[in-house]
Amino acid sequence: MGQPDTAPLDTAVFADSGAVTVAPVESLLAEDHKYDNGRAVDLSWVPSIDDQLVDSKALGYRVYRIVDGGEADSLADLPPFAAAFTDGSVERGHSYVYFVSALSPSGEFPSVHTAPVKPEREWINLSRGWLFLIMLFISAAVIFFVETARRGKKLFVRKIAGLEAIDDAVGRATEMGRPVLFIPGISDMDDVETLAALTILGRVSRTIADYDSKIFMPVSRSLVMTAARETLKASYQSAGRPDAYSDDMVNYVTDEQFGYVAAVDGLMAREKPATVFLLGAFFAESLILAETGNSVGAIQIAGTARPAQLPFFIAACDFTLIGEELFAASAYLSGEPRMLGSLKGQDVGKALAMIVILVGVVAMTMSEAWDVGVMENLRAWLVRVFSTS
Amino acid sequence: MEHFALWLGAFLTLGILSFLYKDNAWYKLSEAVFVGISAGFWFATLFWDNLVGKFWDGKGEEPMLWVGAALGLLMLFRLLPKVGWLSRWPLAFIVGATSGLWLMNYLASNIMSQVQATILPVFSSGFGAGFDADLATIVGNLVIFVGTFTGLVYFFFSKEHKGVFGGAARVGIFFIMITFGASFGYTVMSRMSLLIGRIDFLLGDWLGMIG
Amino acid sequence: MTTRTKEIIALVAVALFVVIFYIRKVAGRGAIEFPTWLSMLVILLILASLLWILVLTIRGRLIERRVVFLYVGIAVALPLFMSLTQKISVSPEVKQLYDAIVELPEGSKVLLSFDYDPPSAPELQPMAESIIRLCLQRDLKLIIMGLWPQGPQQANLALEKVFDDEDIAAKNLQYGVDYVNLGFQSGNEFVIQRMGGSFQSMFQSDYEGTRYEDIPLVRNVRNFSNVDFSVNFSAGFPGTVEWVQIAVDRFGLDLGAGNTAVQAPQMYVYLNAGQLNGLLGGMSGAAEFEDVADYRAKGTKFMLSQSFAHAVAIAFILIGNVAFFMSGRKSRLKGD
Amino acid sequence: MRREIPLIITAVVGIIFVIQYFIPHWPFSKMSDWFSDWFSIVAACAIILGALNLMKLSFLKVYDRKEGWGYAAVIIITFFLMAIVGIAGGRDFRNPGTSFDWLYNYVYIPLSATMFAILAFFVASASYRAFRARNFEATLLLVAAFFVMIGRVPVGYTLSSFMPEGWQLSNLATWVMTIPQAAGQRAIMIGIGLGIVSTSLRIILGLERSHIGGGK
């Protein structure tokens, strides 16, 4: 690269006679990007006055950077009307000087150089302050209700259809002398849906241990296998039947999505489970599993947070937990007041979202339609509070 | 070899398809091959990509990788009955980290951004004057606002779905059902495409009947 | 005749069929194409049999699953032999992606992430091919990578296909200068996160083992801020959602996406919120893009089968529901 | 102690990973990078457990001559074939032209692609058997599905070409996708977000503990 480190007055050198001259950009400013690890510098400028919508002479802009007083390097080419750029490739301990060239068909027209900038890193990302407060607010709400419930106050939570059916479904398997099949989705332990599935397994397997039914649990991740065994073992212990537990209840098949499905399908066709639980993160396999389960006449209780798979669960299963209900299920099933408290906390978050949406829409509408200044400020404030980047 | 490869692929393809008729020996064979081959595939892949690629190659530059190795080793303690309980530590670690990470990611991406994106104008005093939105945009915004709002009402756990609240929840479930319908439609589209791809293999690549 | 004998006869028939056509192929005979009258006849037959199923179902006989399966197979396979043309209408989100690419100045760097594997290729490969073709036609530079192990292989297949084109081949594009395949990196969404700091920390070398700093095209590409546009071809996790949440929301990447149709509905939320700049959904998205880019290939070719398949799915829903309402009325009459 | 230590680990690690979101300073800035590596390494170790489990079950089946032991033998053989070819292949084990790549292309791909394609059949049978307009909600689902399915293929264009531009089936499909569909999707997303936040909190607070053998 190494464009000559030209001062703006020398630009004429680039342009031969009769060439297209473009005014350089103005008010170029370089600032350390706030609240980061010292990895970025923000540039802003006023575009060239020759950058017009029609008959524009400016083709765009090229950003140059000089590191520690060395050679100028071109960083990026930007389209017309660009007025800002973030250089995300700086390092702490160096000083950076920038200039921006306006591009024309016959050459470049550089701006003045900025003052040197030294990127710094900050201890706390204050631009995420609002996010932090909202996180605290929701957490506090959850903890508050958990505490309230612990002190014995009764909390109301509405009925969730699929969950009422779990005991019956397990009982049915016992009566028929056929096993229960529990599929915790195909994601690994680094997915909260899998965690939710395993917590539900904790409650379901207690019932299974009580009824002395048989449970099969083929899994597609080794870590899930380990965790599921821990879960089952604990349930059987707390049901007072540790002897009935065996590691063989949970077995690993393969990590491959459809290899796993092929095996589970085969298992369903041969073992004919009376009850099938499909809870967790499901992808394309949802329908194959649900349809095969249906064809062997099992009662099926399903739940996932993947919207694309939910219609098939709704169609082919007897009960379906939709999205958030999957996460609420373990708390609900436990019947433990503290857990129900956390659902209340969740509702506080929902109420907050609804209020913000309502107020925001009213404010925006009033400011857009009738030009009410206060409302515009309110809207701008809400948008700022809820922006994440 | 090329002929053999094609026939092998076709044999396995038809084996899996035969499950549609009923569970049979051909399917069971294909299933067993699939389970074995794919478990072996992931075993080799994780070995080279994760164990060698991540840990062995990088351990010099990044000493923190040893922590991962230690956690992995604790995991393997499961094989020894006496100290098997130690494997709960890496599990506890993973569960904790997952919870913390996803808590923030979902709060930011799923909640904050989506709430912010729903703040839309739903009326205009003079279309085109000062605020240039046409009727379609306004109607669209209104529908988005109502749908999102009532959808949230549906998921509210602390209140029985009765009265005005129940009415709103019902509108909410309507929107959720439309969402599922659209998902269903798109899924049909997707699955049919995949079948087309497979038939293209059987009739095109294998039997050369289509171009 | 027992079921067993019938099964054996069917198996033998399939085997014969297969052997005959394989020999025919080895003998060098080309593809079969139905003449228009035959195509029409086949369409009529399919319609007639649908009617027949409707009648059966109304009479209270739900036909067997296997008949439905057979039906779907036939309805998807036969149109592949037809050569009827259809007009395609282009949806705005497809146009948006096309415009975003076309508006890039010559020499802009485009990051393509291949986050899918062969099973999803029927939907995504046609998209990948036409987007690569368009980019190269317009002299854009391509940086290719994959979050799925098999992604970069799919990219190579697509590149090969595009280079078969005369006008692209004529450009005499150089690997490492005009396009580069950085390969696969494990770590799912964390790969994106770290690329936000530095590409090189994730891709020390490319697919062929050349070191990152020795590749002219990417030598000065430090992170997302040096990329002008990006397209992600996604079949699931990790995919577009992660790209949006991390690369777009945190690092401000300009992103368009090609998705399997299953995933696409979720992406409309991001599209509306401005987090995505254009979206191709499924095979029809691919066909629409081929249409707007004026280069018709596999996506367009398969559209006829796709139309048929949709028609069949809709027909089955309708038939099922007609029967449902008929029987419902009957039971009401009985005072149920 | 066996029970408390995992709970403490979960809580401490969880809180650290929440905090790291707000602190761009080392070591917090590196936390999520480290975690991704650690997770990869632990997963690689765990698959040893998984593979051993699969092999143990299959061996026992063959040894006891249980029903279907022949298929168990096939699992053992194919597993070792793929794993050995992969490990012996060295770092470039999956490059084009290797045996691993051959097995991948001609065994693995046909199997997984076909399994995937089988979905088309199940979609059709579910359409026929299960998607009924039982009530208003179900009818809405079907109507939305109908417009999307018909609007996204050329047939839809042909059927509605008599309508004015902007009111054809494909436009309708686009409207359904971008407006009501997105609204429902958004409500689901916000709900899921809150569900995950609350579940994560329960785990960090130690209320949910069954996955680490906590019980009560």
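By written order: A, B, C and D. Residues from 1 in each chain.
Keep this in mind: a contact is a pair of C-beta atoms (placed from the backbone, for glycine too) under 8 Å apart; a residue touches a chain by one contact, two chains touch by 3 or more.
Quick caveat, the model's predicted, so the values are computed rather than measured.
Novice: Which chains lie in contact with each of chain B and chain D?
Specialist: Common neighbours, chain B/chain D: A, C.
Novice: If you average the C-alpha positions per chain, which one ends up nearest the average over all of them?
Specialist: Chain closest to the assembly's C-alpha mean: B.
Novice: Of the chain pairs A-D and A-C, which one is connected by the greater count of C-beta contacts?
Specialist: Pair with the higher count of C-beta contacts: A-D.
Novice: Compute the distance, rounded to whole Å, between the mean C-alpha positions of chain B and chain C.
Specialist: 17
Novice: Roughly how many whole angstrom separate the Cα centroids of chain A and chain C?
Specialist: Centre-to-centre distance between chain A and chain C: 25 Å.
Novice: Cα centroid separation between chain A and chain B, in whole Å?
Specialist: 12
Novice: Give me the residues of chain A that touch two or more other chains.
Specialist: 131, 135, 138, 190, 192, 195, 223, 226-227, 230, 253-256, 258-259, 262, 284, 287, 307-308, 311-312, 314, 322-325, 328, 343, 346, 349-350, 353, 388
Novice: Touching two or more other chains, which residues of chain B qualify?
Specialist: Answer for chain B, listing residues that touch two or more other chains: 10, 16, 19-20, 28, 30-31, 34-35, 37-39, 41-42, 45, 49-50, 54, 75, 78, 88, 91, 94-95, 97-99, 102-104, 106-109, 111, 113-115, 117-118, 144-145, 148-149, 152, 155, 176, 179-184, 186-189, 191-192, 194-195, 197-198.
Novice: Tell me, which residues of chain D touch at least two other chains?
Specialist: 18, 21, 32, 35, 37, 39-40, 42-43, 46-51, 54, 94, 108-109, 111-113, 115-116, 118-123, 125, 127, 130-131, 141-142, 145-146, 149, 152-153, 177-178, 181-182, 185-186, 188-192, 194, 196-197, 199-201, 203, 211-213
Novice: How about chain D: which of its residues touch chain B in the complex?
Specialist: So the residues of chain D in touch with chain B come to 2, 5-7, 9-18, 20-21, 30, 32, 34-35, 37-52, 54, 68, 71-72, 74-87, 89, 91, 93-94, 100, 102-123, 127, 131, 136-138, 140-149, 152-153, 175-194, 196-197, 199-201, 203-204, 211-213.
Novice: Along chain D, where are the residues that touch chain C in the complex?
Specialist: Checking each residue of chain D against chain C gives 32-33, 35-37, 40, 94, 96, 109, 112-113, 115-116, 120-121, 123-125, 127-134, 142, 145-146, 149-150, 152-155, 157-158, 161, 168, 170, 173-174, 177-178, 181-182, 185-186, 189.
Novice: Can you name the residues of chain B that touch chain D in the complex?
Specialist: 5-6, 8-10, 12-13, 16-17, 19-20, 28-52, 54-55, 58, 62, 64-65, 67-69, 71-73, 75-76, 78-79, 85, 88-104, 106-107, 109-111, 114-115, 117-118, 140, 143-152, 154-155, 172-182, 184-189, 191-192, 194-195, 197-198, 201
Novice: Quick check: in the complex, which residue numbers of chain A touch chain D?
Specialist: Within the complex, chain A contacts chain D at residues 35-37, 121-125, 128, 131-132, 135, 138-139, 142-143, 146, 188, 190, 192, 195-196, 198-199, 201-203, 221-223, 225-227, 230-231, 233-235, 237-238, 248, 251-259, 261-262, 284, 287-288, 291, 294, 305, 307, 311-312, 314-316, 322-328, 330-331, 338-339, 342-343, 345-346, 349-350, 353.
Novice: What residues of chain D sit close enough to touch chain A in their complex?
Specialist: Touching chain A: residues 18, 21-26, 29, 39, 42-43, 46-51, 53-54, 57, 108, 111-112, 115-116, 118-119, 122-123, 125-126, 130-131, 141, 145, 185, 188, 190-192, 194-203, 205, 207-208, 210-216 of chain D.
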